[in-house]
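Please see the structure below; I have some questions.
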Amino acid sequence: MKKTEFDLLALGEILLRLSPPDNERIMRGDVFQKQVGGAELNVVSGVSLLGLRSGIISRIPDSSIGTYAKNKIRFSGVSDDYLVYDSGRDARLGVYYYENGAYPRKPGIVYDRQHSSMTRVSADEFTEEIYSASRCFHTSGITLALSESCRQTGIEMIKRFKEQGTCISFDVNFRGNLWTGEEARECIEGILPYVDIFFCSEDTARLTFGKEGNVKDIMKSFAKDYPLSVIASTQRTVHSPKVHSFTSVIYDVKEDCYYEEKPYQNIEVVDRIGSGDAYVSGVLYGLLSEDGDCKKALKYGNASSAVKNTIPGDMPSLTRSEIQDIIADHENTGYHSEMKR
Amino acid sequence: MKKTEFDLLALGEILLRLSPPDNERIMRGDVFQKQVGGAELNVVSGVSLLGLRSGIISRIPDSSIGTYAKNKIRFSGVSDDYLVYDSGRDARLGVYYYENGAYPRKPGIVYDRQHSSMTRVSADEFTEEIYSASRCFHTSGITLALSESCRQTGIEMIKRFKEQGTCISFDVNFRGNLWTGEEARECIEGILPYVDIFFCSEDTARLTFGKEGNVKDIMKSFAKDYPLSVIASTQRTVHSPKVHSFTSVIYDVKEDCYYEEKPYQNIEVVDRIGSGDAYVSGVLYGLLSEDGDCKKALKYGNASSAVKNTIPGDMPSLTRSEIQDIIADHENTGYHSEMKR
Amino acid sequence: MKKTEFDLLALGEILLRLSPPDNERIMRGDVFQKQVGGAELNVVSGVSLLGLRSGIISRIPDSSIGTYAKNKIRFSGVSDDYLVYDSGRDARLGVYYYENGAYPRKPGIVYDRQHSSMTRVSADEFTEEIYSASRCFHTSGITLALSESCRQTGIEMIKRFKEQGTCISFDVNFRGNLWTGEEARECIEGILPYVDIFFCSEDTARLTFGKEGNVKDIMKSFAKDYPLSVIASTQRTVHSPKVHSFTSVIYDVKEDCYYEEKPYQNIEVVDRIGSGDAYVSGVLYGLLSEDGDCKKALKYGNASSAVKNTIPGDMPSLTRSEIQDIIADHENTGYHSEMKR
Amino acid sequence: MKKTEFDLLALGEILLRLSPPDNERIMRGDVFQKQVGGAELNVVSGVSLLGLRSGIISRIPDSSIGTYAKNKIRFSGVSDDYLVYDSGRDARLGVYYYENGAYPRKPGIVYDRQHSSMTRVSADEFTEEIYSASRCFHTSGITLALSESCRQTGIEMIKRFKEQGTCISFDVNFRGNLWTGEEARECIEGILPYVDIFFCSEDTARLTFGKEGNVKDIMKSFAKDYPLSVIASTQRTVHSPKVHSFTSVIYDVKEDCYYEEKPYQNIEVVDRIGSGDAYVSGVLYGLLSEDGDCKKALKYGNASSAVKNTIPGDMPSLTRSEIQDIIADHENTGYHSEMKR
Amino acid sequence: MKKTEFDLLALGEILLRLSPPDNERIMRGDVFQKQVGGAELNVVSGVSLLGLRSGIISRIPDSSIGTYAKNKIRFSGVSDDYLVYDSGRDARLGVYYYENGAYPRKPGIVYDRQHSSMTRVSADEFTEEIYSASRCFHTSGITLALSESCRQTGIEMIKRFKEQGTCISFDVNFRGNLWTGEEARECIEGILPYVDIFFCSEDTARLTFGKEGNVKDIMKSFAKDYPLSVIASTQRTVHSPKVHSFTSVIYDVKEDCYYEEKPYQNIEVVDRIGSGDAYVSGVLYGLLSEDGDCKKALKYGNASSAVKNTIPGDMPSLTRSEIQDIIADHENTGYHSEMKR
Amino acid sequence: MKKTEFDLLALGEILLRLSPPDNERIMRGDVFQKQVGGAELNVVSGVSLLGLRSGIISRIPDSSIGTYAKNKIRFSGVSDDYLVYDSGRDARLGVYYYENGAYPRKPGIVYDRQHSSMTRVSADEFTEEIYSASRCFHTSGITLALSESCRQTGIEMIKRFKEQGTCISFDVNFRGNLWTGEEARECIEGILPYVDIFFCSEDTARLTFGKEGNVKDIMKSFAKDYPLSVIASTQRTVHSPKVHSFTSVIYDVKEDCYYEEKPYQNIEVVDRIGSGDAYVSGVLYGLLSEDGDCKKALKYGNASSAVKNTIPGDMPSLTRSEIQDIIADHENTGYHSEMKR
């Protein structure tokens, strides 16, 4: 692949996440844990932790809260070179409130992200050189759904990065509270001709894109319609808010080959938010570091997602060697050490 | 039913609860979580959260600690109209220390509730109008066992509320550290002629009231001896301090009909205290809001209790719509969303 | 005065306040203290703590965050009868971030209150009976500045409460980040004909209303132009973020008499926010409980404000007897006990 | 002096202290700091930190809370050999709630110490050998005021320790909420014939014992009436809850000599509780370690008290070398290092 | 057995343990929990909690951190009589950083214990009388592996305690990061002739000592080679970082009898560190308090270890009566109470 | 000046700082605040916050603790390009424990920094290109004193950066616990011929370098002996641990001109550590951004230092615009706003 400053750049909103500690409820208590997240930020952060160079493209307020977000982004190993600062009187960072669940109580989210600085982003705020700065560009359906400005910026960036030969990664990440299935389908079908790596859950494929058959049929159907290289779909089983199992299927279109592995069973879930994004980060790491090796991508994706569930906050927090140990343990059928000393 | 200011008033002691965080022990550590609870307060709080108007009848010290208790009661949606303040030199709020368990260590409680302001309560401290202020009056065996003054006040209030046509609810809630089984039986048999809604666990029915047969036999036997309308009995299975299952049986005496449903299995227990009281609150809500519909009462009771286990502190913290979602999920055999967004 | 359910009702926005602990900065750290405030809420809360019956008129989201706000309002002794709930997709509670200062670093605030549910409030959401429910109605320039809807609602309520014979209290509380001095002047001059109790700082009187002379001249000038009964103006000296001095002047128009007292010197400031509102609450308490006695109002106002500075959060937290002790100590020139045992 | 296992034993109640963090109020907030204190415990703890061997004689519940107290006592360097455990159903550790002040708000205390296990202490619970185990025995007026049992135990122990040649130390520590001045005077006059080292504030000497003249006249008057060896009186100036100055006067009866030094000016008070007890501990340390040297006692007493004000909780927390550095700094008029590295 | 001041003395390093709260990672977050631990300290602390008299022999810095360690040791009921203080410029307390795991993420430890004050310990720093002060002396392979000085001190103490008729307990506790298996084997074989009570895991026996056959064969083989009285081996099954099962086998050499019991199944693991040491403490308590009764030792050992997993920190925190209740519950097949009230 | 990637690179050790919260003592309490600091890191962090590009040259362990340090460095806006990772078995991050003071108790520090990974740093670990990567290079006497390797690396870097035309900044920062005055003098005299910007306190100049006369005489004397461009000396007055005043003198050698301004009086000290480093950062920012303007350097230096005292931790946390506001307020003699809204 071509030589660039970054391995991955992503366009997405950065949110302030506020969550009561442990099992406390949003409607009570005296403190909030203060964190930063966002679907695409979570992805680039995961990729950086694994050792690649990544950056986030976003728009945040020029205030203490914006500075907090910027600092946390840097803390997470992500470049802040492409942050644009909003000094307007209505500048704001979107907020969401999250509380953990415990069976039979589900986790809960209250969004307060409308009118954020990001919703007024424009491709004009970024210089030309951005389009040749990275090997891969990633965004998700959330960005496309946030506002008209976001949608136009996202679509324009996809096209212009593509023009420069950048690999395009896209995660459908359908959210019914941001747009309808119909809006999503129409918009995404418009960008799929530019996409190389495509993340879509089985449920969304059926409900939003009207796909039928099993997950492999669905993947093949997408590959027939669009010039995709890799299609990935997660498979999560939610036993309870504190216990999940997780695996995925990846379809290598060129090789016409499906990759699967046994699930991570009974994951001890601490914080489920961002585990889908961690999956994307692991897959992209595998593909970008191993020259498109889908088997590696599967292993890194599954391990990254599984382990993200054990880490508080949206963003992952693991080194490559930790992920590699987890992969080795998952494949190992013999003696397991109990602890890392 | 008649038109009143409150749907439910309850007589009971309010306690300061002090608990070390997480799995820390009472005998160590530098902080206590500070909460307020009490069997009857927990009940009225649950009923208010579900949307009815409730109040607590109690006696608390006229001090900062009393003010704290009053404020928390209001925070929980309960009226403080019937709190009486004790300005005596020996005024005190009862305290209990609670620590969580983890198998094989059980949860532990140290009580320090003797000589509290509540133990010197008297019916004379409340004006006549209280007896016509509510559709339902509730108290429990704990109140009757606290002191001679409490017992007399409890019995007098039961009788006087009943005279005004108020529905009487009573939860045996036997506590071996407050009185003997024999004392309890004798006292409670004296009030059962006035009770409409009766909560009694199977164990207590056997050990204290000498009942025999299965739970339905026991219920029928109570109904034969006393003019009860509804009898409810919880069925909890303690797999470990952090995992319980829960359901209950309700007997509609007039209809001679038993209501049951499948248990909430493997509840992820965060704080078990008050889950029995939450059950009572759900049942009373069901009966009071749905005109005595025992099936609804069963569903609300089981869901309220199951979910209370997931919430720190004595008092529940849920809205009616959350409880309704949990009931719907419990009955639903199809697709379950993972999260409330 | 006439017999009503409430002594004081106020119209105003309720904000979620998020602040890093102690001297930590917004741009760092892992937790926010979570509190609720708002100029008018602070006023009614102070009045309730002193023993009168008060309520807040506001519009909040129908979400966990809205429930949190409602519960805190009740905790603070304020009625939630006149809260209106916003179930719209764009419902939100305004947020502000606050950090303490320490010389030479000033306290800092970042506002994120635009587009809140309150900004879409309408007088139509409240029933007719509200206008005869209170002895006094209070609002501030902040409410008038928040949005067009807020302004219209504020003005309409002032007029309609006045029609019912309710005493009208108004605090200019000028905020340059919400409107210009010119806008403020024009709007406020329109409502002054309806106002009985008027709070205006000396600085604002000069800069916004173009008043001249000393503070007493200014007060007399306002009294000449409008049918005001009482005019109050605070006098704060900021020695450093942690040390203030405070007193005020009150002008009793009918008696043509000014009330003053020696300042509270070198107040040990813990949290300065809301101390102006606490002043208003003390003055209103004094006037409403003592039949318009401006001398009492002055004492309660100054003491309430001085002591609010020592309490974390926007809202005061004191009993009437504590305020009375502080007043007594302030006037006492002899032996002072060191502690309240 | 004679050879014994301990340098100091003291009889006194041990209390659980619960305090909101920082400037939070008892009537709000979600946590209490959890500490252990008690006038005599504070004294022996200070003496142990300075390097002597001390123990506390007390009665505590045989529960987790009692174990917590015992562990904290050991943590503070004090022997638990003479703790007696109460397994009765009404066993309890006295509690007190404390909140910090900030001008114009005073610190506040709510006591809940009635009916504690200590109030039922009896000299019979301790074996004979205790009376020959220590060089010095200390108790205070608080112990004598707690209950009839405490008073009898205190008086008996004073007499029996004295019989064994033990030096007797007594701190009047008058508390108007425990007994009247008249009761105190009568009781204390009964034990003064046995006392060697006597701590009495100037105010108490005047109000309770009817003494007149300046502090030196008062001391001389006590020495005339009773066979005291050393009389000490603290002189505290409370500029505000966060700023005090402190010094004291000690009268060496045999030498007929008064010792004084310039005050510690403008102490930055973090927690004032126990600073009087720390004074006693410093004086006793000085006398016991330096063979009755009142000048040393004065220095250690003043420094211990001054510095206790800077330490959270009742009990001091300093090493002897730290106290010695503070004394040296206090006397030093030249260069002061800023920090201990 | 002979009459001594202590039942158990142990030689071992004391470490400062720093751990992020809950599931937070070492590489993030703003606070560390601050605790004290160490294999041998954990053992003596457990023995003291069960009611025997124990002390730790160690070398710690003469600094605030050393004082902290000393105070915590006393808090835990352990004597600090045999602590030696290091005032050298390079004095330091070893540190280790620990984070909890959650499947698939393992717990992690980072050690920073080199060059600690303990590594320079010498037997010469302790007076002769130590060797006759205890009924039993314990140390572990960790101490022997820390440094050459530690090894020599450990070996010399084993021999000199043995000379005085003290029972010698030794736990292999092999740590591959401190020495090689070969070094360990050679060193330990040199001391086994002096050991009475020997703790060795099955894995270590195989890998380090080259033993073969099942666990009972291994034990018999050790007993054949060395004059051991009791051999104990734990059997832990790690289902996940939060779920373990635990039991053990004890071999009574003289009786040629093996003791076993059903495992504690599905222990709810809060903090696994120190559970092996808690096992040793339970076994030693059983043997020392019950005159060498291996059956009792097994029960106390298994219960102590199982329950340690539920307690944060290295050191156990339980009373004897709690352990006895857990043993009773483990053996009980009938009704189990849910809570300790 | 020449065009480079960085404005400032600095060589220095990175330390983990552990401090009890508020006024708690190291020898007590259950938590440590976890921070990262180091004299040179503090300087580059301050320079980055003000808007220049800076990086730290250091050696840290390849472990979770090293990763924590790296992340915090990035959080603070500093480049981690020149961090070298130590994977050796004895890799460690130096630690220091810090506690706040309150008069009469001084702040206290316990160092545990020996044998750290940094003490084994070598210039060979950095590539040649580093020497042309920055406009300015900074280090301090602390680095020279840490170890022989550190000293050689420091001296070599000073010389090689100088060869490339880089401006050399040096802060004496004498620490008597790291080396003697004689060692310091001899070593520093060897590097002064290469230094452009020189920071030296008046005390150190006198005691270590034997300078005489007033501060201006001293500065002139240094300028006579060595080819320095700028000499700066801070002037701090410690009224108490919580109240300092601060200003400084800067000597512009070429212009032969001294710059001074009135002190920041009665700074409300929250955390004094790093305020000297913040001064250096302000001065370097002034000189580097304003082309050597010593007057600007003085203003930025004094303001940065004064305000650092109000911020917890070693590193500053302010934006350029905040510093500019503080400078403007310091110079302003008219109306001061109380708060930044």
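Points worth noting:
Per-chain residue numbering starts at 1, and chain names A, B, C, D, E and F are given in the order in which the chains are listed.
What we mean here is this: a residue touches a chain if its C-beta (ideal position, glycine included) is under 8 Å from a C-beta of that chain, and two chains touch if they have at least 3 such contacts.
Protein names from UniProt, one per chain: A, B, C, D, E, F = Sugar kinase.
None of these values were measured; they are calculated from a predicted model.
Judged by contacting C-beta pairs, the busier of the interfaces A-D and A-B is A-B. Of all the chains, the one whose CA centre sits at the greatest distance from that of chain F (Sugar kinase) is B. On residue numbers, the A-C interface is repeated by E-F, which shares over half of its contact pairs, out of the options E-F, B-E or A-E.
Centre-to-centre spacing of chain B (Sugar kinase) and chain D (Sugar kinase) amounts to 45 Å, using the average Cα coordinate of each chain. Averaged C-alpha coordinates put the centre of chain A (Sugar kinase) at 40 Å from the centre of chain F (Sugar kinase). Shared interface positions of chain C (Sugar kinase), i.e. residues touching 2 or more other chains, are given as 22, 25, 27-30, 67, 71, 75, 108, 177.
Across the interface of their complex, chain B (Sugar kinase) is touched by residues 29-30 of chain F (Sugar kinase). Those residues of chain A (Sugar kinase) lying in contact with chain C (Sugar kinase) across their complex are 18, 25-35, 63-65, 67-68, 71, 89-90, 92-93, 95, 97, 99, 108, 110, 112, 114-115, 177. Across the complex, chain D (Sugar kinase) is touched by residues 67, 71-72, 74-77, 319 of chain E (Sugar kinase). By the touch criterion given at the top, residues 22, 75, 264, 266-271, 303, 306-307, 309-312, 317-318, 322, 325-326, 329-330, 336-341 of chain D (Sugar kinase) touch chain F (Sugar kinase) in their complex. Within the complex, the chain C (Sugar kinase) residues that touch chain F (Sugar kinase) are 22-25, 27-28, 101-109, 111, 175-177, 236, 238, 240-242, 272.
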